[in-house]
Amino acid sequence: MAKKEQDLQQVVENAIAEQKVPHVKFKGIDPKNIDVDRLTKPSKETRQEWWGRGLTFLAIILIGMLIVAIIGFVGMHGLATFIDNKVNIFHFLFSTDWNPGAGKNHVGAAAMIVTSFAVTLLAALIATPFSIAVALFMTEYESGKRVQLLQSVMELLVGIPSVVYGFIGLMVVVPAVRTIFGGTGFGILTATLILFVMVLPTITSLTVDAFKAIPKDLRKSSSALGATKWQTIYHVVLRAACSRIMTAIIFGMARAFGEALAVQMAIGNAVLMPYNLVSPAATLTSQLTSQMGNTVMGTLPNNALWSLALLLLIMSLVFNFLVHLIGKKS
Amino acid sequence: MENWQNQKSYIKTFAEDECAISTNNLSVFYGGTVQKLFDVSLGFKKNTITALIGASGSGKSTFLRSLNRMNDRVARVDGSIMFHNLDVNQSKINVYELRKAIGMVFQKPNPFPKSIRENITYALKANGQQNKKKLDQIVEESLRAAALWDEVKDKLDQSALALSGGQQQRLCIARAIALKPEILLLDEPASALDPVSTAKLEDTLKQLRKKYTMVMVTHNMQQASRISEYTAFFHLGHALEYDTTTNIFTNPQGEITEKYIQGSFG
Amino acid sequence: MNAKKTNRIATGVIYFLVGVVILLLVGILGNILISGIPHLSWHFLSSASSSFEAGGGIRDQLFNSLYLLLLTLIISLPIALGAAIYLAEYAPDNWFTQLIRTTIEILSSLPSIVVGLFGYLLFVVQFGFGFSILAGALALTFFNLPTLTSNIEEAIKGVPQTQREAGWALGLSNWKTIHGIVLPAALPGIITGVILSAGRVFGEAAALIYTTGQSGSTVDYSNWNMFSPTSFLNIMRPAETLAVHIWKVNTEGIIPDVNVVSAATSALLVIVVIIFNFGARALGNWIYKRLTAAKIK
């Protein structure tokens, strides 16, 4: 012990002896007596700081103004239906009579509202078990290369443009549905299947995050008690991640609810109350997409479409609010 | 429970003009409310090395970082810090100029991901020094002063991140002294270093003492006794004892100081 | 015993579901690429589209998509960078910052069709731009800003605090520390973030249908005068992008080779997305290595 310390001491001394610390000459860097005046005056840095903070704050304000403008403009035009055209708001929400060209008593959006919710809920319903299974697979069952591969393919899936999904829907899903169920092949079922694929990666990746956030010890102590893997997953993992899985599903639903083109290409675009899953229907987004160009600014048919857009906006806010609510609760 | 509240503080004082910097009743509140430093009044004599010792969490870093206003964003600092007859703990003080006059070296080496040369010249250029020859001269002198010149003089344009930890730390010292500060604050500068690098670093500091006033936090009692003239002992956010290093180590006044020193030398 | 059985069944079910998903993924990607790539000829890429005959290409749409992407990045990058810097470096922890963060979240979850319609209302109608590349670029900017901002903010926050402290301790202003030290260190992450968001922008159609319009004007690729109506650089001309093209040919269904054109264009879009996705990380890593490598030029 003592020998070791001595050796170490020796090494250190050698090191000091060896290094030729030169006689430090401070010429260029002689500590000068500082100018005390400068300590109390603003300098270049003060100005830089002012500019930097100002410019970046400007960017923030711009984004803030943007959202205010979006809500303001869409709100203004969306409310015109009810204020200028005197459409009854309950009629708008609960009537299925959609023919705004025929006057204010024919502005009932219920069919589109129901369809929008139907495709959204169904897509989330189908996607959730798959997402949870994939997330469990990626966090509890497998690790390493395979997971990474699956993850990058999932990310790729998020990046595929929605028109491409719409096109695949037309190519593959529509004919399949037509063959199996008859009819045109367009309708809620087709839209749901496409949306299912579109929200799958969203829900999955957020669920993976939820599982990863659970401390390893929780699992360990559970399996130490003799629980099987599934028992651990069911009683510990799923329970602990419950609220975040909910959040993931809501994010997925928000995406489905707002998706326009893929749905518009697959749903058939007939504003009818859906009576089954394989008849043509229309969602809020599909109606907006296909009709906005066919109406004249300021007329009732146009304002009615803006009301649909406002509804979309409000639902988007509601989804956001739900996410916050769940986040606060847990 | 230690009855440290009953222990008298033994704080050495210096005449105002002997001090490079001094504090009066410095208190620090994290998050605006949680007090972690209590009325610390210490003066640091010009051209000396003062060691700050004390248990982990006793507020040494907190104190040190207050001196060059690095705590501005995270904490409220009450009390005054006298520097050139000026209370620099006021909002009207230009903290950028203050920090140029009071350099700081951190516990973990934190060179920029730039070349060795740029690490030193970056701040100089930002201050308006553009003369290439002058810059080269400062680079050489500050690296020499930090006892790093011989090791890096052939690779000044290589990334600083390729240096060893000890070399990085000496580069950080070179970077700090290139700005010609009056005071150098060092927060456990040797804690990440091996014995050989530590020895070199200590030697560097001893050399620099001729020109700078240094305040250094350290957990290493041997180190404190080797290179510092004065030592201050911190305990739970209070400065309990401050005297010459010899006195502190051989003849501590307070019971807690004695215990701590004995325990640390153990 | 029972628990073991449940465990086995559960594991089976999970693997089954995962298997289905993998089949789906492979099927979708395979379908797009296999049905599209054979039609991706140089002729297809370099000839103009046809509005009612078979055999049209996507030259203009391809250029428009790239041009629009470029303009969108030029407009959105400075704003997103500024906003991200503010949020990561300056924003105090108070209700206002919270409000801004919520605002950005809301913006990021707005349906893109709503963003597009807002662009239509404000730029096309209110400001009188008409259907134009500029209106589209602005709409895409709105669509892009929240994602880009949070991507950049993440990258900036990933830079160790010790780097900032090093800068402050040298008397550098916060601003100088940010743009001289933090941003270069965050550059790999920022570039990855920008490219990832670019992939999203490149394939976006819903925000464009009512801003850049659904049909292009005739463009002259030899006319470099940005202000001439026929110039390919003119930002006030209506334009159709690749994604909008797919949507249009499918909903109109006029040209006889809809499926061929859509399949090939879809494959092109997906290939671009793949390149962006993998390129983003690869480029980010490469720059990171360059920055931290032993040799710096």
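Per-chain residue numbering starts at 1, and chain names A, B and C are given in the order in which the chains are listed.
We take it that a residue touches a chain if its C-beta (ideal position, glycine included) is under 8 Å from a C-beta of that chain, and two chains touch if they have at least 3 such contacts.
Small disclaimer: the values here were computed from a predicted structure and weren't measured.
Engineer: From the centre of chain A, which other chain's Cα mean sits the farthest off?
Structural biologist: B
Engineer: Per the definition of touch at the top, where is the C-beta contact count highest among chain pairs?
Structural biologist: So the pair of chains linked by the most contacts is A-C.
Engineer: Measuring from the mean C-alpha position of chain A to the mean C-alpha position of chain C, what distance in angstrom results?
Structural biologist: Centres of chain A and chain C (C-alpha means) sit 15 Å apart.
Engineer: Round to the nearest whole Å and give the separation of the Cα centres of chain B and chain C.
Structural biologist: 48
Engineer: What are the residue numbers in chain B that touch two or more other chains?
Structural biologist: 96-98
Engineer: Residues of chain C touching 2+ other chains?
Structural biologist: Touching at least two other chains: 171-173, 176.
Engineer: Would you give the residues of chain A that are in contact with at least 2 other chains, written as numbers and ranges?
Structural biologist: Counting only residues that touch two or more other chains, chain A contributes 44-46.
Engineer: Give every residue of chain A touching chain B within the complex, in rising order.
Structural biologist: Within the complex, chain A contacts chain B at residues 8, 11-13, 15-16, 19-22, 24-34, 36, 38-46.
Engineer: Under the stated contact criterion, what part of chain A meets chain C in this complex?
Structural biologist: Result: residues 44-46, 48-49, 51-53, 55-60, 62-64, 66-67, 69-70, 73-74, 77, 129-130, 133-134, 136-137, 141, 150, 152-157, 159-164, 166-168, 170-172, 197, 200, 227-231, 233-234, 251, 254, 257-261, 264-265, 285, 288-290, 292-293, 297, 306, 309, 312-313, 316-317, 319-320, 324 of chain A touch chain C.
Engineer: Show which residues of chain C lie in contact with chain A when the two form their complex.
Structural biologist: The contact residues of chain C facing chain A are 3-4, 6-7, 10-11, 13-15, 17-18, 20-22, 24-25, 28-29, 31-32, 35, 78-83, 85-87, 89-90, 99-100, 102-107, 109-115, 117-118, 120-122, 125, 142, 145-146, 149, 171-176, 178-179, 196, 199-200, 202-206, 209-210, 214, 243-244, 246-247, 250-251, 259, 262-263, 266, 269-270, 273-274, 276-278.
Engineer: What residues on chain B touch chain A, complex-wise?
Structural biologist: These residues of chain B touch chain A: 83-86, 88, 92-94, 96-98, 101, 128, 134, 137-138, 141-142, 144-145, 147, 149-150, 177-178, 180-182, 195-196, 198-200, 203-204, 207-208, 210-212.
Engineer: Chain B touches which residues of chain C in the complex?
Structural biologist: 160, 162-163, 165-173, 176, 180-181, 184-185, 291-296
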